[in-house]
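In what follows, subunit A forms one complex with subunit B and a second complex with subunit C.
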Partner chain A sequence: MIGYLTQIIRAVAFVFIALLLCGVIFEFAGFSAPLMFQSIADGAFLSMRAWENSLRWGLPLFLTALGVVISFRCGFFNIGAQGQFYMGAIAATFVADGLNGQSAVLVVPLTFAAGILGGALWALWPGLLRVKSGTDEVITTLMGNFIAGLALIYVTSGPLKDPSGTGQAASSRPIGEAYRISEGNSLSPTIIVICVLVGVGMWVLVNRTAFGVLSSLAGRNPIMVVWQGARLSRLGLAGFVIGGALAGLAGTIEVLGPIGRLSSGMLPTHGFTAILIALVANLSVLATAVVAIFFGGLAAAGLYLPVLAGLPAAAIDIINAAIALFITARAWPKRLTGLLRRDAT
Partner chain B sequence: MTNGNATALACRDISVNYGVVAALADVSVDFAEGMIHAVVGQNGAGKTTFARVAAGIVHPDKGTVEIGGKPVPVGNVGRARSAGIEIVHQSFALPPSFTVAEAMEFGAEGRGALYSRRDLERRWTRHLDALGVRVKPRERIRDLPVETQQAVEIARALVTDAKVLILDEPTAVLSPSGIDNLFERLKVMQANGVTIILILHKIREVLSIADTVTVLRGGKLVEGPTLTTEIDAPRLAASIIGTTADGLSDTDRDALVGAAEEDDDGTETAAASVAAGPAILDMRGISTRPDPEGPALVDVALRVGRGEIVGIAGVEGNGQRTLVRALSHLADITAGTVELSGIEVTHQPLSDRRANGLRVIPFERNSEGLSLSSTLWENWAARSLLRDGVLRLISPAKIRKACSAALKVWDVRFSTPNQPAGSLSGGNAQKLILAREVDEDATLIIAAQPTRGLDVGATAFVWRSLREARARGCGILLISSDLDELFDISDRVVVMLGGRVNGEFSRPYHLGEVGAAMTGADR
Partner chain C sequence: MDDTIIAILRSGTPLIYVTLAGVLAQRSGIWHLGLEGLMIIGACAAVLGVVQSGSILVGLGIGIVLCVLASALLWFVIEKLRANPIIAGLGLTGLGLGGTDLAVQAIYGSQASVNAPFGLPRLGPAFGQYGVLSILVVLMPVFVIAVWVLTRRTRWGLQLAASGEHPFAARSVGVNPARMRLIALCLGGVLCALGGAELSMGSLQIFAYGMTAGRGFMAFAAVIFGGGNPLGATGAAFFFAIVGALGIRAQLLFGERVPPDFLLALPYIATVIGVWISGKLRGGAKAAASFGELKDY
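Right after this comes the complex of A and B.
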């Protein structure tokens, strides 16, 4: 119990120090730090409306971050959540757009399946390269992000282009109203239900199945589980694929839900924030839920900052980056030990 | 100059604490000049720490060191070396990719920044010749046999006119004849006026080489320096072991401290039914691909019967690791067959072999055997979780409870099953592995160096567990570099050399014969 408590205190302290540091920097840059924190609190948590917004941004992040948690626990540094998120969104849009006019009972499930599959496949190939030939997954998944980003530009200005688009960022035709899972660009009960179900499922997978224990052992010492007779490649691939599937699911939800279409360059930091969330949460499923909503709140507040504190919305990116610095400074040694698993057969 | 009574190295009130553990407590010893001194004790008695304090590597919490009558600042390797003290470590410190000449130059007093290979080779050939080390200066360290590597390491330590040479467990990696060669070399150095301090493990070796003996137990000085002419093996054994391991049989006690006579008559009776039993393991003509971790196996045949302990002897690095990897389906087998209890498993993955009763206690306790940052219960449950299917629902609370119960049976000292495995001592960590690997369904247990680094009590515990498993009908393959251990508990001993089986012995064992097989010398 003491162990959990210190972990929580430590994570909170890291976030707190990062915020403080940002406050000092902004103060030096001529902005008002107290006003900034006040507007973050207002925009994120101090009203019903703010909470709704925080959940709207936080829940998709939660799903993607859960995927990151699963693959990190297996010992694989899959940083391709962003690309997997995009590929899920692209696959979902293709299906929803292609089947436009069919019954929603048919189209919506197929869209979800396509989105999940798209994300999973985009994680499968780096996973295969990793377990079959030892290719460093950091490089491949990072490259995968760029490819997926370019693919998004291509499909939104090519096959899925909205002909009525008005010159700004290219985007797809809007998803048919019948297929949307939320009204307008806000949260909906459907999204909450999906996230709760997936969250519970992943909690069970991590905490109540042999897979959870074995993947955690493999993540900490792959050599040991090899000597126990585990097939590391299968555990690892499962980690990659589940991670990709969850990112793909998040992409599908954004397309069918709040955003309602695919647009070029959408949510460009989604996958990276998810990694940050997973690390702050110390790879615990429960903590991921809490931390995801906190970061969702930051994202929501980011929209208010220009209005209230006169800060650019990018201030939130700076805060995220500061938190990332502190958290990864702690997470790094784990990554290094991960590099030592040479005979991952 | 040499005066028999002058003190070469004097340590006063040395105390070293690692956290709450006192590695050394108020140890004061004087080592006389021009003699060979032995420092002995169990694992964890503080021998290595003592050697490192003397050599300036470890900074003691308290105490002083004098060399040749002059105080030397503690915890400063450079000052200790310039005062004339050198240490040869247990695990060799020479860079494996260097040539002999480069390795000799490395760490020697600085000369110019430029040198030619020929200069180097000429200089060091002379030095090595003078010490009787026969080796080509152009050979790479990694290509040398262990014994020669050690000789080069000792020669390197003597580059700077050392007055005191400390060797930390130099015999642990050597064959019996290698030990004889080492001792002869040490006597030559002694004759040249070097004071030698040997950290040793075995009474037999102490009595054959040392002039004095000093015994450490639990970080305290309990004996010495006493002239070896004034002490005998039983008293020395009692002094090393103390009263910590009562109930040991005499043969076990002798094996623990290496006090057995050269030719053990091995009157153990438990192994009568051995040869009759059906084979638990039958390896025929196994060859493997070369492997970075050791030489390939060449045409290895090995049979372990029901209720039989087969010992694998050999100088380290002669294919023992490859053998364990081949049996665990972690090395590429190119020829031959492996049968477990009559079922061919040559191409079965380890999970299937484990389902057939194979259990492995791997060489590296802390990397292959355990995940140190994971909890005790996760480590303990790994085998059964894998066996029963990865997607099965589990109750961690139940597993933790079962784990606590099992660890208590195995006498593991722990406070909660949630503590990380890395918080256990070596002996308790090994017991955790035993608790996982030695179960009712086990038919063949591979135990690779299961007692390395363990103290007397834990070693005796491991032996007892292996014997109990044998009594239940398990076959056991025990790989060890400690011949005393092998002779004490094995029903047969198979010697490996260069990836081949080079001889098989049964009781009574003769140290000389087994030793000859280990080095390939003619018997």
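Right after this comes the complex of A and C.
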């Protein structure tokens, strides 16, 4: 219990330090820091509507972050959540668009399957390169993000292009109304149910199965896992694939749900935020849910700031980045916890 | 042909400066993923400095000071707070991208890009077609050789490598690995500022949000590709620039048949293949999971 408490205090303390640094940057750039934080709180949590928005942005982040949790626990630094999210969204849109006109009972499950598969496959190749030939996964997944971003630009301005599109960013044809899982740009019970189910499933996987135990051992002491007769490469590959599948699921939900179409350059910081969430939550499934809502709130505030408060949305990017800078620190207040060095609870 | 060489030099030079910064960090034992952020700070500071003060030296100076300060911050977080270098580096990149966006918006309102009245000094008409190249392109080989000499032919370079590979050994002969890393990161900050300035002021004289477009990460890939050797990494960076330039050339030739996005993806694909091959050549991996964490003493 004490261990949990210190972990929470530590995470909150470093987030606080990061916010202080952001305050200094805002003042330096000529914005009032108190006003900035007040507006962010307004946009994220200080009204019913704000909470709804925070959940709307937080839930897909929660799914992607769970994927990051799984692959980090296995000891692989899969930072390609962004690319896997894009590939999932692209695959889902291809299916939903290609089968347009068919019955929703058929199309919606197929779309989900395609999205999950798309994300998983985009995680599979860096995983295979890693376990088969030792290619560093940090670089391959990073490059995968850029390639997926270009693929998104290509499909939204090529095969899936909406011919009637007039906006600045190219986008796909809207998903048929029958296949949408939420009304307009908002949350829906369906999305909440999916996220709760996946969250429970992942909690069981991590805390109550052999895979969960072995994978978190693999993250901390790979040699021991090998000596115990487990296949490190298989564990790692499973971590990659599950991580990619969850990011792909998040992409599918965005396409079928709130966004309702594919657009080039959509949610460019989704994957990075998901990694942050996983780290702030110290790779715990339960904590990931709470932290995801917090970062969802920041994302919601990012949309609120320029429109209603007249402040630049970059403020949110800066807050996220500052948290990233400090969140893995483990020397202060003491060497309590470290990345992938958790208590074996 | 001359056009292509000029294009390669122009796109390769910023990449090579930043790659050299990555090499210094790599040899000191730090996986530097903050290169992208430092580069955009350098690019932004150069343009804003010139616009505000009218002097190219002021622009470069502000860029260098900011990049060195940001590098020192990264060093503090990694070395003193023992943060994970990869995540902290990504955080620094985010700070650079967001901070430059905020700075532009604070000064110019919601404007997408800033134009500078003039750029870096050029070679001039005496060099014919090559006269459009900036002074930093000409100085680039000097920096490459300087970094090579520094890391491979001096006592300091050996101490730096020891700090990265075996900090305990470095300490046992009286070298302070933490200080070596600080120096390496700060020197890298200077190089990133120059690379960023060349990117924004070398040919276009413009700063736009996110204009580095992953070049910092590509530089990091070049460092890994080149095995931490300055010459190898420079070669890798040049290779990426050549692939990029050929991609643009190919776009002109087959633009109708091949979507331009495929050609734009070529450098990234080349990076993956390059890192894969270089990993194979070195006999597979270091054992699983160092995650670029600093070696303990």
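Rule of thumb we're sticking to: the second predicted complex is superposed on the first by the 322 of 345 C-alpha atoms of A that agree within 3 Å, B and C clash if a C-alpha of one lies under 4 Å from a C-alpha of the other, contacts with A are read in each partner's own complex, and residues count from 1 in each chain.
The rule is simple: a residue touches a chain if its C-beta (ideal position, glycine included) is under 8 Å from a C-beta of that chain, and two chains touch if they have at least 3 such contacts.
Since the structure is predicted, the reported quantities are computational estimates derived from the model, not experimental observations.
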Overlay on subunit A: subunit C relative to subunit B, clash or fit: fit
Partner chain(s) touched by A:Ile79 [first = subunit B, second = subunit C, both, neither]: second
First (subunit B), second (subunit C), both or neither touched by A:Pro34: neither
First, second, both or neither for A:Ala315, with subunit B first and subunit C second: second
Broader residue contact with subunit A after superposition on the shared chain, subunit B or subunit C: C
Which superposed partner A:Pro109 touches (first subunit B, second subunit C, both, neither): neither
Partner chain(s) touched by A:Ala210 [first = subunit B, second = subunit C, both, neither]: first
Which superposed partner A:Val138 touches (first subunit B, second subunit C, both, neither): second
Vertex subunit A; arms to subunit B and subunit C (CA centroids, nearest 10 degrees): 70
Touching partner for A:Gly184 - first (subunit B), second (subunit C), both, neither: neither
Closest Cα approach, subunit C to subunit B, once both complexes are overlaid on chain A (Å): 8
Residues on subunit A lying within both footprints (that of subunit B and that of subunit C): 223
In the complex with subunit A, residue positions of subunit C that touch it: 31, 33, 73-74, 77, 80-84, 86-88, 90-95, 97-99, 101-103, 105-106, 110, 214, 217, 220-221, 224, 259, 261-262, 264-265, 268-269, 271-272, 275-276, 279-280, 284-289, 291-293
Of subunit A, residues touching subunit C in the complex: 25-26, 29-31, 75-77, 79, 129-130, 133-136, 138-140, 142-144, 146-147, 150-151, 153-154, 157-158, 218-219, 222-223, 232, 236, 272, 275, 279, 306, 312, 314-315, 317-318, 320-332, 335, 338-340
Of all residues in subunit A, those that touch subunit B in their complex: 3, 204, 207-211, 213-214, 216-217, 220-221, 223-231, 235, 343, 345
Complex interface listing, subunit B residues touching subunit A: 328, 330, 349-354, 360, 362, 367-374, 378-379, 381-383, 385-386, 388-396, 418
